[in-house]
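One structure is given below, encoded as structure tokens.
A, B, C, D, E, F, G and H are the chain letters, set down in written order, and residue numbers restart from 1 in every chain.
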Amino acid sequence: MKEKPLVTIVMGSDSDFSVMEETGKTLDEFGVTYEYKVTSAHRSPDQAVTFAKGLFDRGIKVVIAGASYSAHLPGVLASHTTLPVIGVPLDASPLKGMEALFSMGQMPPGVPVATVTIGKAGAKNAALFAVEILATNDERLQKLLKDHRAQIAASVEEKDKNVRNS
Amino acid sequence: MKEKPLVTIVMGSDSDFSVMEETGKTLDEFGVTYEYKVTSAHRSPDQAVTFAKGLFDRGIKVVIAGASYSAHLPGVLASHTTLPVIGVPLDASPLKGMEALFSMGQMPPGVPVATVTIGKAGAKNAALFAVEILATNDERLQKLLKDHRAQIAASVEEKDKNVRNS
Amino acid sequence: MKEKPLVTIVMGSDSDFSVMEETGKTLDEFGVTYEYKVTSAHRSPDQAVTFAKGLFDRGIKVVIAGASYSAHLPGVLASHTTLPVIGVPLDASPLKGMEALFSMGQMPPGVPVATVTIGKAGAKNAALFAVEILATNDERLQKLLKDHRAQIAASVEEKDKNVRNS
Amino acid sequence: MKEKPLVTIVMGSDSDFSVMEETGKTLDEFGVTYEYKVTSAHRSPDQAVTFAKGLFDRGIKVVIAGASYSAHLPGVLASHTTLPVIGVPLDASPLKGMEALFSMGQMPPGVPVATVTIGKAGAKNAALFAVEILATNDERLQKLLKDHRAQIAASVEEKDKNVRNS
Amino acid sequence: MKEKPLVTIVMGSDSDFSVMEETGKTLDEFGVTYEYKVTSAHRSPDQAVTFAKGLFDRGIKVVIAGASYSAHLPGVLASHTTLPVIGVPLDASPLKGMEALFSMGQMPPGVPVATVTIGKAGAKNAALFAVEILATNDERLQKLLKDHRAQIAASVEEKDKNVRNS
Amino acid sequence: MKEKPLVTIVMGSDSDFSVMEETGKTLDEFGVTYEYKVTSAHRSPDQAVTFAKGLFDRGIKVVIAGASYSAHLPGVLASHTTLPVIGVPLDASPLKGMEALFSMGQMPPGVPVATVTIGKAGAKNAALFAVEILATNDERLQKLLKDHRAQIAASVEEKDKNVRNS
Amino acid sequence: MKEKPLVTIVMGSDSDFSVMEETGKTLDEFGVTYEYKVTSAHRSPDQAVTFAKGLFDRGIKVVIAGASYSAHLPGVLASHTTLPVIGVPLDASPLKGMEALFSMGQMPPGVPVATVTIGKAGAKNAALFAVEILATNDERLQKLLKDHRAQIAASVEEKDKNVRNS
Amino acid sequence: MKEKPLVTIVMGSDSDFSVMEETGKTLDEFGVTYEYKVTSAHRSPDQAVTFAKGLFDRGIKVVIAGASYSAHLPGVLASHTTLPVIGVPLDASPLKGMEALFSMGQMPPGVPVATVTIGKAGAKNAALFAVEILATNDERLQKLLKDHRAQIAASVEEKDKNVRNS
């Protein structure tokens, strides 16, 4: 979390933080600045609208929003900003995030939300996708992404050795 | 559709009208005044917010909102009004409204939406539920509801005769 | 739980009480009187019918019914009363309440049930929806609802501060 | 349809007749007497209860009930009779009977409903299951069932020849 | 478990016994004789076929089969006997019995299986349904069923008192 | 269809032929001999068992079985043969083959069925998978498979040109 | 389709073109250059890999990939490029794209795909999301996006008038 | 695990080993040689491609690949080899492997993957299916398969005795 964030990581409740901090930790690996924000599409709708409308002028480039149950948060933010909004469905409900996946993933035509995986896997992928967006115009990030890919490939090879030797 | 509507029937697009007019027709049977409104949680979010905030002062008592796909409309309206909001999931998507049912039906705690059946069956039931709400304080409507129940019971008996004689 | 209840909170078994008492607690916040009732659509059908038929004359205004598995309870009550019936799908089954959501949420046209979220989230929202119904004709409740909305918005801001300072 | 029916074939609406007559036609093959009945768990609940309570004394042995959407009809009948009730989920809804399958198939413990296949396949199997019930105490039916099995096996062999020669 | 069983309770593995013994215990309440049988549609298919073919001559009246995963057991038994077969979907798989419900519940036309609820609730209901079948020709059982209904209704009233006094 | 078939293409009814002939046509492309067989797990169970038991001695190497609804056919065949059995879920039911996918795809441990795609896509892939099995020991087939891959890759390039020029 | 494309619109078959051209048409509205490409993750895997690896050096900024059934195409492309990949699940299968939504939407952690709505709605939203990505660094596009939002809001108001006057 | 493996057991991460070793253990019972391999369709795509392309020349006969979430691994391997590929959906995600089943099970036509059961049951069945493939050309294995079937049938009889004596 730095002075001038490029990415905002939004969630509807502080109880989502333990999952969404995976997003922050991953952005840290790329030196991408970010902020955390708790706001609710339903419980604090005016704040959410004001927050969404102010994002562009504050220099935010990418919005990541985690939500569970009906998971309207990314859609509501997306309707009030033209920044790219990435939705992370959270599995805090009895249906294990399936309804959040449907609710984010099936936005009607006109205002897009890009949905990633349910839960912590999605929180990580949302960060990586945000970096990919920023990297379309940032050679340093582009290089870091390539390094990251090399690194995860190497890590797979490492695991392969472990299993073969087990 | 009368001068002073008690119920507002909201939909995200005029293409939903052919289903949602079932709501209006059913309210007509009870002499309950209503209006139709097209506004979109995502495509016209400011109008939707303004519309929702003004509902109470215009004397609206019940909100009925039909939506398909992620179906955020009833939830967004509900977050800006304390009037009861009834959601009608519409089956205009490849998943036949299943995602709309999940998206309306699984609102997180704090701001309720009451969901009825997918499609035309729900458009009718939303109207009946609105009448039941209004009837909690209106003896005339209470009586009409009881008549309506007697009438649909009689209609079942009529159908029974037809089938038995077939 | 007061002398003259306005809301009845019905459940099929006392094992549902730990979830459904969320409804009562929420009504307490608004000073809305209520009662708890255990009756079963299948195991005590005659009592359920008698109970439903007597609701109106006892001055009940809103019915809230929690049920799991096939979850017929709200539908059965709704068929014997013209009061608004709110269904809470409970996740006491291996399918985690998904079948209860379908079973309440997909009522055929003619007799409505308004369905809220699966589990404790729904038990709370059912209470809030009942208050919204009562508030259509009660200025005190209308004001309390607005206060409640301000309060949950403030609570979101509080959580926002916690996360930002974490 | 004979003077003294052993099986009652119940449906919520005459629009279900085109599917449920498959049940009657199949019973005809076994010379089992039956009646058709239209009654609705929700739209004519008192009739449904009265009907269910009178079944035993009228000499009915097996109840078959087809229903779509939330499909409470077999469960409601089962709660008012100790006769075996077979439920046929009908695919008249946008979700194609999936919710009816869940709604009938997931009855809570205490009052059973035996569910068969969605749609016309189920309407036929309900009849066959009713015959199997009656045949537990009727040698003539037991023999007819065995003949029927031989016959459908022969019909499969016939189809096999057709395909092999095609 | 008595000398001359009327009901056979079949399961694919002894690991299903802890659920399926609910069936036996319920039959005990009605004094209905039964046996337990482990046989597998896939792992011991010849035994299963032989077992199914011998049921009628051994005087068995009703077959109850619990199975998880693809849950072919009741269907395979049904294809080799004309006795009524009741299927109990078991939730021993990652999908919690949903696939077993589909696999038993969606038998193609010609050979019926009657499916009850997933898990222990279904194990109980299968027993009750078997008793209902036997009671179509046994006045003593018919009376016991009516007593049982009165008893579960009384038990609901008892629970109602507990909740009201809580 | 040749004198000495290596693959048997089994289906429960001749109505499945229009889909399953895709399997035969694909095998024709590889010069793999096959036969069509109609037999039913439920309607002709003894034939199905006899058929399955005789497969090995007739020189059959691979079994392909298409089925809809509960789709027990491949599982039943697999339980009576040690030849590899490939299941093709067919979408002839209101649930569009989803239950067949679950019913074949979720075989319990001990007797495997390998499931391919629902419908015609699966009928084709079953044939290709059968060829892959046979090719593990047949250089001619191995070469043909490689040619086939080159050919479908070329066909994709052709389509690419069409779209680019459109 | 212009000389120097910024966006590539990939699909597995030319039969997907009628849906995916919605993406191209939407990009046309923003004057964003693009190309169409047919390549298949499974049928032309080497071409797909080569294509993905060459994207960055050709100056492509955003990848949009439509796919049906298991829908691996966007994931396979994403594994060979660090450009942002947007997946459009197509409803060309009996399950109506539900499996494609799961298959794209549930990428494991490490390599992200951003999923949009099933079908034509998604094809449009993918284009809008691509424009949002490009607009993070292009003031002209940012302005056009704001105009587009104003325009769709105005279009909603227009529809509102039509419905109110109907 | 022997010098010259006939089967390769592939997984995307060493965290899948505890499930996939069921495959190895089962192959051990048949004396079929195998190797374990960790490679990822997304995180080490080039290795995965190289690995797949080299399989045939190394003398591998059958590929078994376990994967969770979008589960592209078996499909990606299948696209680069003409060896039979068996997919094992793993339940390491919030949706319990349901999306992996859809993602493997619904391969588009042209390149087949044969899918087995979710989780450990599937890991075992994949091994058995691989043995069945190898046994189409190996009399020793064919005999062992028959012994295995006899053995699991005997084991069912053993369990039957236990339950009957319990």
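Structure notes:
Keep in mind that, in the parts below, a residue touches a chain if its C-beta (ideal position, glycine included) is under 8 Å from a C-beta of that chain, and two chains touch if they have at least 3 such contacts.
Note that this is a predicted model, so its numbers are computed, not measured.
When the partners of chain C are compared with those of chain H, the chains appearing in both lists are A, E.
The chains that touch both chain C and chain D are B, E. At the interface between chain F and chain G, two copies of one sequence, fewer than half of the residue numbers in use appear on both sides, so the contact is built from largely different positions. The chain pair from B-C, F-G or C-D that repeats the D-F interface, sharing more than half of its contact pairs by residue number, is F-G. Mean C-alpha positions place chain A and chain F at a centre distance of 42 Å. Chain E and chain F have CA centres that are 34 Å apart.
Within chain B, the positions touching two or more other chains are listed as 12, 40, 43, 45-46, 69, 93, 95-96, 98, 102, 105-108, 110-111, 117-118, 121, 149, 152.
You'll find the chains touch as A-B, A-C, A-G, A-H, B-C, B-D, B-G, C-D, C-E, D-E, D-F, E-F, E-H, F-G, F-H, G-H. Contact residues on chain D toward chain E in their complex (touch as defined above): 56, 61-62, 82-84, 86, 101-102, 105-118, 120-121, 124-126, 128-129, 132-137, 142, 145-146, 149, 152. Against chain D, in their complex, chain B makes its touches with residues 91, 96-98, 117-119, 121, 149, 152-153, 155-157, 159-160, 162-164, 166.
By the touch criterion stated above, chain F contacts chain E in their complex at residues 12, 40-43, 45-46, 49, 68-72, 75-76, 78-80, 93, 95, 98-99, 102-108, 110-111. Looking at the complex, you find that chain F touches chain D at residues 11-14, 17, 35-40, 43-47, 69, 93-96.
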